[in-house]
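Quick one: structure below, then a few questions.
Think of it as A, B, C and D in the order they're written, each chain with its own count starting at 1.
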């Protein structure tokens, strides 16, 4: 890692020694916010940012994300987790308490086209995507010269549909070995097996190069050209075992016109893909995304 | 027609007594532009705006739209048409010469939801959509009180799928009687028969309340909600006999999020529908659209 | 008021009999959220939506907006107000408790150009701007025929800078008589006196036809044209006694190019003005805006 | 230069051996288009793209840009230039005939912040900005490690206001030596002297980090924060001797809100700066920009 990034990370961790995030989803009922805020107050935690949503105040599901500043969080984290466990049981909560200081470990999967990888690295270097980029895995060699000068480990694992299972075995081993929290498919053009996907629920973010659900599947730009659309889009979503049907995190579009052929659609599309993927990853790293019935709540 | 609109139209026609538009499509070959501009120059026509496009300079199709100012256009129009006929034959052109002074006659079809009709009327009153709105046809009574105070004839023709053919017969009669140039389906919720559509090729503009080809068919907002999209859209297109598959003229989108239910998607969507339809109609009225193989060229 | 709108309002009030909103700003310190949510819980109020912001968690100002559902709110409102007064004292809060059922009373000031008025009325009829439009005041007669058919009282009060004080006296009287909560300057082209402005702090919303602080003052489209900008904008803000310097609520832009002259800038600009003003008014009516040191927090 | 870029350039030049562009501005009068297209036809040039604009068809200024394909352009270019000179004289034209094969020579000036430089290089590597990047000049060392691995000459020339003239002398020498066609100020934070600017009319493109004419001069993000704007912008323009007053080429904005402090405004702004500058440079390289009375016409 070069000095510049090292410095960024140092600064980030210094600033976030006492910064925590609490994510909760549970059946809606009166008293949730009151109970949670009382809990945080009892630990001298100061709420910095809080967002909530209920699918239906009467009998729906309630979601909340709280970012807080708590003195000596490092020392108190496990005690807080224990205590909150009791509250969680009472309200039937699914929940997560994260310590921002501990950056998420990320693996980026990439193929030949590097624009999404480059954007992620660029935003990482700029301090917008604070993560521990633990590795880049590719079935091609193109990314090596981008990644290695930054001291990010690069694994070249050739892949095709005939050797899919062996390839994924190697990959899963690497992911496990490094305790990877998030897998980013930055235009990795291989299909994943149900086994691989099931092993990483809501932990794989993909960028699809169309405005889903338009142009599910292969060659979306060619098909967009054929249909004569006036806007092209990109969609970032969590990967499930239904192709391009996982929970959508972010989408955006760009205007095109009759002069654009498939090649220029691809060029224009790359900019959209870049920014849509970067935003989705940023939100995931900041624990802003909750998944509910194949949809995302983005706080 | 109230005094305000009368005045707008008067002014428009005064300003466009000598304004013409030439639209041409033909196999590409050298010399087209040179020949056309020589022709216009020989009639003392001054080119005001000119746009062109070729699908492929070698052996493709060439398209051009020229807006020009020509002294005494009214008197010379038919002579010019005759002369240009010879050029057209030589280059195998499809072409059209329009005199802007002669406003297009428009029929608006509408159902219960009036937002698209209201936008069209609003833009018409503002002088942005210069047309002769000859009639509004509806299978409901809601639009009457909007339309009649403006002295636009309103025809209430109840419709449903059992009486579709009789209904369309009446409609076609009215359209013929008034020499209608353009039919706008401003959220008219009835399906048209192939007979009706074939009688009006590239003359029916529809607004579909989704970002086509996503959510073709009925209830797009409900399905957009179900899929958890982060953007909703609207698409304006010429009607063909393949449902929602006609040449796209214009599309746009609006951002939504997890808090939006079907109702709020509809409300947000209405704004997009309004502006997308108004733009498409404007371009059609200004002779800016050429149709080529199920796509539009919008100059 | 016509039947359609009457029905909208009826429905809105039925839906919001128990809906309340609490807005608070105070010096930041731990325990605020906990205290407020405990208070609401003690009244069986269920939090529907909650947003908060702090200028600086250590020693800054804290803002919160809570929308809640509370059984029998009508009967309990004054008791809740009394009780909350004690909390407010303890934390040095500025605060407001509103009952959504009681729609805000609005006066719209307008001049000759009606596009902003028409947009407001359109959104009001659509159920997007729930308010009691108590009157429209104008120094011209143009708006009368739009307003009176809807049974909105229309006051024609000729104005110019020589009679400014008498005019405003009449206006203030009308405002007082009808307990007006919000004044919307929907392209009202008269300057207001400091006396009028001071009588209505953060209660006057203006739409300025430029992207402030560019083109402060008169004739912004002419000056935008002169400068050759590639985007034009509109700004909605609360009126203070510094011309066009009040707290900005919302801004938006539209793309233009070298072909646009002053007239087409104005036409394009009208669409932006319309939607920017409508959004700002909507947020005000929904108690989403807090003013802090010449800036707005929009929740 | 690495193999990838070498290959891109080779391909670009192969594709553009016979591609030319003609840019003309002159007093408007009938017959211009006819004469030009006859001229091109007589050289067997096939018009690929053509755009025109007139400030006023009666007595205004006329502008046209034609991109064409002409067999053996390399050999015929000087003959065509000679012939067109006669036409130009007749119509009092200012004009330029460029051969796309000959890429423009570009110098990029940069300071410590590298995001704009990185975007330009990224787009250059992607084949979107075809130019000969002849040098990068900086008053800091930060850019060296980005630039030198790509075999772009890097010149470190320390600068401050006391030694401005000596510094510019060195710079002008370098520019002259390499026949530089375009200077890009990619966040170069030094003010240029009138002498330097006059030596390079309409050849210096700057990126200003605000939506001009708002926040002319220094520290625009700080001032945008102070004013509480809801959108921040960036402006790319040709440099003249009036600070931030040169002809605007492109502008864009991004939405911000009350939660954004100066630091986050800067981060958000960087994305806008990047894309606005890249677009302006692309248009310049493609000879799409004509300057007229402190405004740009962008075809």
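Throughout what follows, a residue touches a chain if its C-beta (ideal position, glycine included) is under 8 Å from a C-beta of that chain, and two chains touch if they have at least 3 such contacts.
In UniProt terms the chains read A, B, C, D = Formyltetrahydrofolate deformylase.
These numbers come from a predicted model, not from an experiment.
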Report back the single chain whose CA centre is most distant from the CA centre of chain D. C
When contacts are scored as defined above, which chain pair ends up with more C-beta pairs, A-D or A-B? A-B
Cα centre of chain A to Cα centre of chain D, whole Å, reads 37
Quick one: chain A and chain B, Cα centre-to-centre, how many Å? 43
Touching two or more other chains - residues of chain C: 53
Using the touch definition up top, name the residues of chain D that touch chain B in the complex. 28, 30-31, 33-34, 37-38, 40-41, 44-54, 57, 69
In their shared complex, at which residues does chain C touch chain B? 115, 118, 122, 126-128, 267, 270-271, 275
Would you tell me which residues of chain D are touching chain C in their complex? 53, 211-215, 227-231, 233, 247-253, 257-259, 294-298
